[in-house]
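Labels for the chains are A, B, C, D, E and F, by order of writing; each one numbers its residues from 1.
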Amino acid sequence: MPISRFVEYEDAPPEVRAVYDDIMASRKVDWVNNFWKALAQHPPTLKRTWESVKEVMAEGALDPLTKEMIYVAVSVTNGCEYCINSHTAAARRGGMTPAMHAELMAVVGMANETNALVTGYQVELDDKLYKAAREA
Amino acid sequence: MPISRFVEYEDAPPEVRAVYDDIMASRKVDWVNNFWKALAQHPPTLKRTWESVKEVMAEGALDPLTKEMIYVAVSVTNGCEYCINSHTAAARRGGMTPAMHAELMAVVGMANETNALVTGYQVELDDKLYKAAREA
Amino acid sequence: MPISRFVEYEDAPPEVRAVYDDIMASRKVDWVNNFWKALAQHPPTLKRTWESVKEVMAEGALDPLTKEMIYVAVSVTNGCEYCINSHTAAARRGGMTPAMHAELMAVVGMANETNALVTGYQVELDDKLYKAAREA
Amino acid sequence: MPISRFVEYEDAPPEVRAVYDDIMASRKVDWVNNFWKALAQHPPTLKRTWESVKEVMAEGALDPLTKEMIYVAVSVTNGCEYCINSHTAAARRGGMTPAMHAELMAVVGMANETNALVTGYQVELDDKLYKAAREA
Amino acid sequence: MPISRFVEYEDAPPEVRAVYDDIMASRKVDWVNNFWKALAQHPPTLKRTWESVKEVMAEGALDPLTKEMIYVAVSVTNGCEYCINSHTAAARRGGMTPAMHAELMAVVGMANETNALVTGYQVELDDKLYKAAREA
Amino acid sequence: MPISRFVEYEDAPPEVRAVYDDIMASRKVDWVNNFWKALAQHPPTLKRTWESVKEVMAEGALDPLTKEMIYVAVSVTNGCEYCINSHTAAARRGGMTPAMHAELMAVVGMANETNALVTGYQVELDDKLYKAAREA
């Protein structure tokens, strides 16, 4: 049980059901995972979070699979177990192969290492890199 | 100046020069950025880190641009400014458009938000997601 | 069992019992939770930590409930499950309603999101905000 | 200059101006801070983020000042300098006295310390606390 | 089961067995822990990570026990439970007494607290400390 | 200038001067660094923090230099620049050579990498390691 409680479909008020319906329709699944059922305790948070996630994770300049892998990278760095599992599952559903997963992990590991090395040595940013990160 | 000091090419011992030469050749650039010049104080760390980065960031099951964007996602989550700048620069050099960058930022922001919501509500992992993250 | 071991009241040396007694008296409860029983392996850490927590969490310019909610916010951001549970429990005991909890979660989520956006875009601080954060 | 660039009011397209106008009207100020001018590069992120922040930070079961202090607590834990400055400024504007600020800092410091102690000792959650965090 | 799967010795290809053999020989143990069996799904990551860990954790200017305690300090700060357990176990094997462990925890706790205080108050670095951190 | 303001010795009330005197006497220096001057705005936080740091960092089962290096490891992982500089300075004053510093950095980097790999792969703890971390 989450802190607070899960809101099941059959007990949900109409504004929660509407979000659940949209989640299932958008994802082409017939169930809603625990995250949303926990948020549904507070319908404005449920609605706002779902609409934001839906907008952000849609096909755009980046494809949905790349977005899911980025989500995994952040979740690993934050140590959010639920999120690692749920977004790894989503990435697999979206076509991430074991080889892609292994490389994702390797990059996330290496980035965490070099982040620490840069920070520990207090390396100043090169002017050239500052400019290159900003040029049109 | 970083903690420790920068090792410039002209002052570098042969094993450091060899790494600098490989960095410049691999990246097709004629200079070495501060990170490597700080690591060069301790040649085994320089060599090990460069060889690891080179292996991990190479074209593979994921393309180099996707890897750079994942690197940025981790660096933002850790708040490493040097790393954000240097890998954003690398991603731009590799073809990341402003629209792709904006979507990368949006995903990183959203992942950090929902990581906190999941953790704050202490949501238990759904069995279905546990399995889906692990299936062959 | 924690790393180290729990020190139970009946096995505790006098200086540990004195802290346990003060914890129970201050909180008007008849038991001591696992955190303190783990720290009690090292009595100076137990005593110092309890006295610091007691001083910091007391009624002052901020009321104890606000302080507990701030504690939850930090614990969520760090991903400390024990701490999230124990301080959410304390906040509820102190009067936090479900609506207050839901808003606390929403703020913590949003703060984690915008922290990442600010960092990812490397936004420079406005002079006006720098000054406003510091003015008397 | 941030990564990407600032969008000034006079150069902004109508949908960005509409958000800027709403920010200034809601906050009763005559300028827009750098965060929003950086997000404005990608109007959907600007609009979504502003509307979310506005909803989440409004008077509700928690008052706006408490919300700003929670925002500061998260921002300190994440080490986001811009965010610490901007939300400390907002909290001061909302009535946070120096004594309240000092206590906020003390709680954030203590929470970060005990989070580490709990995690380092790998303390198991007490059943009583698990239940107390969840009861109606 | 981890995300991906464990590779057992009897099912392992020769390049994985060679790493497992080296792990067991170097550590003078007759089994391989789960971390390596998870990495073995991707032999280049297994090999690179093991060789790096072996090089970094070897006796050098710092002794192996000090290195294990530093590893624990990082793992606590990141909240990595597996890592806290495995490196605490290694430190005990290497001679860390309960008193040493208690002091390690106290330092890690205090460092997390003062890190937050420094960050929350946005304290500027003293010139003298800047120089002292860098002098030859 | 920190958020709030620095309290200089000549403007300090007696209870702040007493702490400043103890800091200078304990460290055998004739000045007080900015961290304490920022905390001094709230004398109870100054006194409590100094007394805790003094107790925790004293010679004990671990020597002061090892403690300073652990402090650096935590500060790097949290990205606290002031803290990295001040504790690196303290470690140098206490005898940390460049070679020791380089190995400290290497361990901190590696720990951050393997923490991420363990978390990303969601590796379950081995029973043997769980026990070994806890045995008397």
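By our rule, a residue touches a chain if its C-beta (ideal position, glycine included) is under 8 Å from a C-beta of that chain, and two chains touch if they have at least 3 such contacts.
Model, not experiment: these values are computed from the prediction.
Hopping across touching chains, the smallest step count from subunit D to subunit E is 1.
If you take subunit B and subunit E together, the chains in touch with both are A, C, D, F. Two copies of one sequence, subunit B and subunit F, touch each other mainly through non-matching residues, since under half of the numbers at the interface are common to both. Of all chains, the one whose CA centroid is most distant from that of subunit C is B. Centroid to centroid, with C-alpha atoms defining each point, subunit C and subunit F lie 20 Å apart. Distance between subunit B and subunit C, defined via averaged C-alpha coordinates, is recorded as 34 Å. Of all residues in subunit A, those that touch two or more other chains are 1-4, 44-45, 49, 52, 56, 74, 77-81, 84-85, 88, 99, 102-106, 108-117, 119-122, 133.
The touching residues of subunit B, when paired with subunit A in their complex, are 1-4, 31, 33-35, 38-39, 45, 49, 52-53, 56-57, 60-62, 66-67, 69-71, 73-75, 77-78, 80-89, 92-93, 97, 99-100, 102-104, 106-115, 117-126, 128-130, 132-133, 135. Residues of subunit B that touch subunit D in their complex: 79, 84-85, 88, 98-99, 101-103, 105-106, 109, 116, 122. Those residues of subunit B that touch subunit F in the shared complex are 3-4, 41-42, 44-45, 49, 74, 78-80, 133.
Those residues of subunit C lying in contact with subunit F across their complex are 1-5, 44, 48, 52, 55-56, 133-134. Taken together, the subunit D residues at the contact with subunit E in this complex read 72, 76-77, 79, 81, 84-85, 104-105, 108-117, 119-122.
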